[in-house]
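Please find the structures below.
Heads up, the next two complexes both have chain A, just with different partners, chain B and then chain C.
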Partner chain A sequence: MAENILVIGGGPAGMQSATLLADLGVNVSLVERDSYLGGNPKKFKYKFLFPDMQPADNVIGELIRKTETNSNIKIYYSSEVSDFKENGKKFDVTIKSPNGNETKTFDSVIVATGFEHFDPARDAKYSYQLFDDVIDIKDLERMFGEGNVNRPSNGQPPKNVAFILCVGSRDRHVGNQYCSRVCCTVSVKQAIELREHFPDCEVYIFYMDIRTYGFFEDLYWEAMEEHDVQIVKGRVAEITSGPNNTVICKGEDTLLRGPFEIPFDMVVLASGMEGGPQSPEMAKKLGLELDEHGFLKPQNVTLAPFKSNKKGVFLAGACTGPKAISDSITEGGAAAMDAYVYAMKNK
Partner chain B sequence: MALEKQEKRLVAEKGEHIIARHLIEDDHIKEEKNLVIDGVDVSGRWNTFITTRVDSEFDRAFFQEIKETVVGSRINRCWQCGMCTASCTVTPLYRRFNPRAFIYMMQLGNLKELKKYVDVAWRCVGCYKCSQRCPKQVNPAEMMEALALLIKKYFPEELEGKLKIDEEVKKIYEDMILGHGRLDLAKLHTSSMQKMGKTKDLIGKIERDAIFKMAKDGRAFSILRLGKPHNWGKSKDAIENYLKNVKTIENEAM
Partner chain C sequence: MEYDENGVSIVPFEFKKEIFEEARKDFRYEEYVRGCLNCGVCTGGCPPHRFFDFSPRIVLQNMKSKDPELIWTMMDEYIWACFQCFTCAMICPFLNNPGGVIAILREIAVRRGFESAKKVLKPYSRVLLKLTAYGNQLSPDMIQPDFFPDWGPHIGYASTDLPTKRKAIPMPTLQVTNLAWDVAPETMKELYDIFDEAGVFKIIESVDPSLYEIIQDIVDDVRSS
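So, the complex of A and B:
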């Protein structure tokens, strides 16, 4: 009899786990909260992905097609795990779906519930939701996805745009000390896209550090050297309304050593990633540990990054911390291996 | 005009003949007005010497000193992001007042640099906007207090010239706190106007309008009804005690 493995979360990580296990002949149940697969990249209609600007459909669309067409995968849309019990080395799980409740026994479980975007409205100094032209990187992804990146306030093309990095990350004041890893690269990517879309629009990036780690650095260099994106060192402390329907960024240029108040047509906040409500929810339901940052905690971050503290329950993707899609997919594969080995051993 | 100026100036200014003199700060120019070496008169420009303008040390002892104070204990947290200066109430008025830059100078123990700001370094108004926003919770507002203490300690003469503590003002504050348990802004305003010799302006148009408005919306009466803080007696004793101790210490020091 084939093994039964449960995957919770149908983002890039969960889909990678599910398809690999299904290819091994495992019966996979994939539980997804939303009515569609694809996770955050699908939800916010990411159009082109860093680092190589390939169409998101090449990656996310491809994974969705592979998952949906695999007969070994049973997908539960708009569903959740409503009950979770250990049964010896196995797990009795009730899945609540629009078609009712279903209880099954699984040999192992992969949690791939991902992240939530930091809500910039929580940090009042940025006046998000107060001014239409203050948006964040996920909003801009969606705007690119929907093909309209004009100013939300008046539908006109922006003449100058400011990116503000580290919104909701690296800030004790909002409670997140960690770096969200992707927002620098997303910002330089979007800066390039804006310059390509509106050649007359000047783009500035207010930064404290620019962390386009590894090969992502190429995009940062490209933004400056091929698209004249200007970087300004300093954080912005206040966004107020300015003349002619502009928004004013008040900050300090720490290199010139002095305050500035500059009006922009549009401000893009590089909001970071959070464990969201799903991480504590999973921790509680499945008896997993949370880390001090609000993400799920691996048994050993270096030796066993895909194992949870509970034997037979594995972790993949952004539910254990901020990361890029490639890392999430890699982890989906690695967790699938761990989950398969566990299931085989306890057959 | 130009001619007049020339006539007035009898003695050459220090380092005057240096090309691009404006790039070099006074402190870096050594020039003896009268100097004779081995019988040769090398007065004035003949002995001009420009000292190095390269920083040659970081003074961590100084950093430690700040870190050990209560208000400066978080100095090691600051990563120079500039959020404090960006939020600061005072910086837009005095660009030279820059909490971030001051903290950096304190971190590196750069007293030479700090000394240039003795005139503005104490200008923090204690609004705590910086501390509210600082992502590292350095509490920059209190770092400014550490800075003030430090300036008092290391540059007493410079401070003396730049900033005179007005005994009369101090007395007004003390009386107000001890008498009422809180600052009475109206009284503070009156006293300061009186001190400036502007008694007439006290009931100027703006003030009259304000009084009328406050009488109309009832605020004037609520001010009159203002009581003292709860359990004021105890606090008052404590403050009086403290002030007495401070005075004793000051007297002993003298």
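So, the complex of A and C:
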């Protein structure tokens, strides 16, 4: 009899786990809270992915197609794990779906419940939701996806745009001391996209540090050298309304100009990643450990990054911390291996 | 005090070090000085930064440098440019408190009777005198063009005919110009006890010895009444 493995979450990591396990002949149950697969990249209509600017559909769309067409995968849409019990080395899990409750026994479980975008309205200094022209990177990504990146306030093309990095990350006031890893690269990518879309539009990036780690650095150089993106060291202290329907960014250019107050047509906040309400919920339901940042905690961050504190329950993707899509997909595969080995050993 | 050829006082390094150590030993130091990434949020939001060469980021960075020379450079004018509004402390993403560091340094300057402290506190001697004599901070007769130039061009007019103007105020006043309200001697005595305990009299003695003498006479009078 084939193994039964439960995958919770149908984002990049969960879909990668599910398809690989299904290819091995495992009966996979995939529980997804939304009515569609694809996670945050699908929900917020990501258009192009860094570092190579390939269309998101090539990656996310492809994973969705592979997951949906695999006969070994049973997908539960708009569903959740309503009950979770250990049964020896196996797990009795009740899945609550629109078609009612279903209880199954699984050999192992992969948690891939992902992250939530930080809500910039929680940090009042950025005036998000107060001014229409203050948006964040997920809003801009959706606007690119929908093909309209004009100013939300009046539908006109922006003449200058500011990106503000580290919104909701590396900020003890909002409770997130960590770096969200991808927002710098996403912002640099979007700055390039904006410059290509509006060649006359000036684009500024206000930074404390720019963390386009590894080869993502290529994009950072490209933004500076080929797209003339202005990169200014200084975190913005306040956003207020300015003349002629502009928003003013106030801060200190700590290297060159000192204090500045610059009116912009549009401000894009590089909001970071959070464990969201789903991480503590999973921790509670499955008896997993949470870390001090609100993400699920791996058993050993170096040696066993995909194992949870509970034997037979594995972790993949952004539920253990901020991650790029490519890393999440890698982790989906790695966790699938761990989950498969556990299931085989306890057959 | 020694002076160099330009008339600038020479302060020995050991003394600067002593000042730094005094600041670092303050019980608030650990709470106020944490990690700093030079993001500039504090300075970007700092009201005096718009008017003076003053930056809370520099204050914190100087403190973190643990360099007595750098800290000493702030003791003369720099620390007195701060409004003590603590906007920096409110907005620092890493919960530093540059305004608090300023408070620690100012207290050292006051305790040790530095010239800068004497200069800055001079205009307040009238307030201190009024406070210790009558328990009032400000009274109408303190409005004089010489002392409140920042109140604008009408201060000259405002300071004339005070008794008449006082009577024109449509609410109960004491009909005098040297008091805003009456304070009972018992309250004054309690105030002196608080000043004693909090070291306020000691501070006055170090920054303004002649004012201290006048105040002591008043205090003795009230206490023996």
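Criterion: the second predicted complex is superposed on the first by the 346 of 347 C-alpha atoms of A that agree within 3 Å, B and C clash if a C-alpha of one lies under 4 Å from a C-alpha of the other, contacts with A are read in each partner's own complex, and residues count from 1 in each chain.
One rule holds for everything that comes next: a contact is a pair of C-beta atoms (placed from the backbone, for glycine too) under 8 Å apart; a residue touches a chain by one contact, two chains touch by 3 or more.
Fair warning: this is a prediction, and the values are worked out from it, not measured in the lab.
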Superposition on chain A - do chain B and chain C clash or fit: clash
Touched partner set for A:K125, first chain B, second chain C, both or neither: both
Partner chain(s) touched by A:R257 [first = chain B, second = chain C, both, neither]: first
First (chain B), second (chain C), both or neither touched by A:V341: neither
Contacts of A:D171 with chain B and chain C, given as first, second, both or neither: both
Chain B versus chain C as contact partner of A:R235, first or second or both or neither: both
First (chain B), second (chain C), both or neither touched by A:M208: both
Contact residues common to both interfaces of chain A (with chain B and with chain C): 125, 166, 170-173, 208, 233-238, 250-254, 259
Of chain B, residues touching chain A in the complex: 79-83, 85-88, 91-92, 95, 98, 100-101, 129, 132-137
Chain B-touching residues of chain A, taken from the complex the two chains share: 125, 166, 170-173, 208, 233-238, 250-254, 257-259, 261
In the complex, chain A residues that touch chain C: 125, 166, 170-173, 208-209, 233-238, 250-254, 259-260
Contact set on chain C toward chain A in their complex: 37-45, 49-50, 55, 57, 91-95
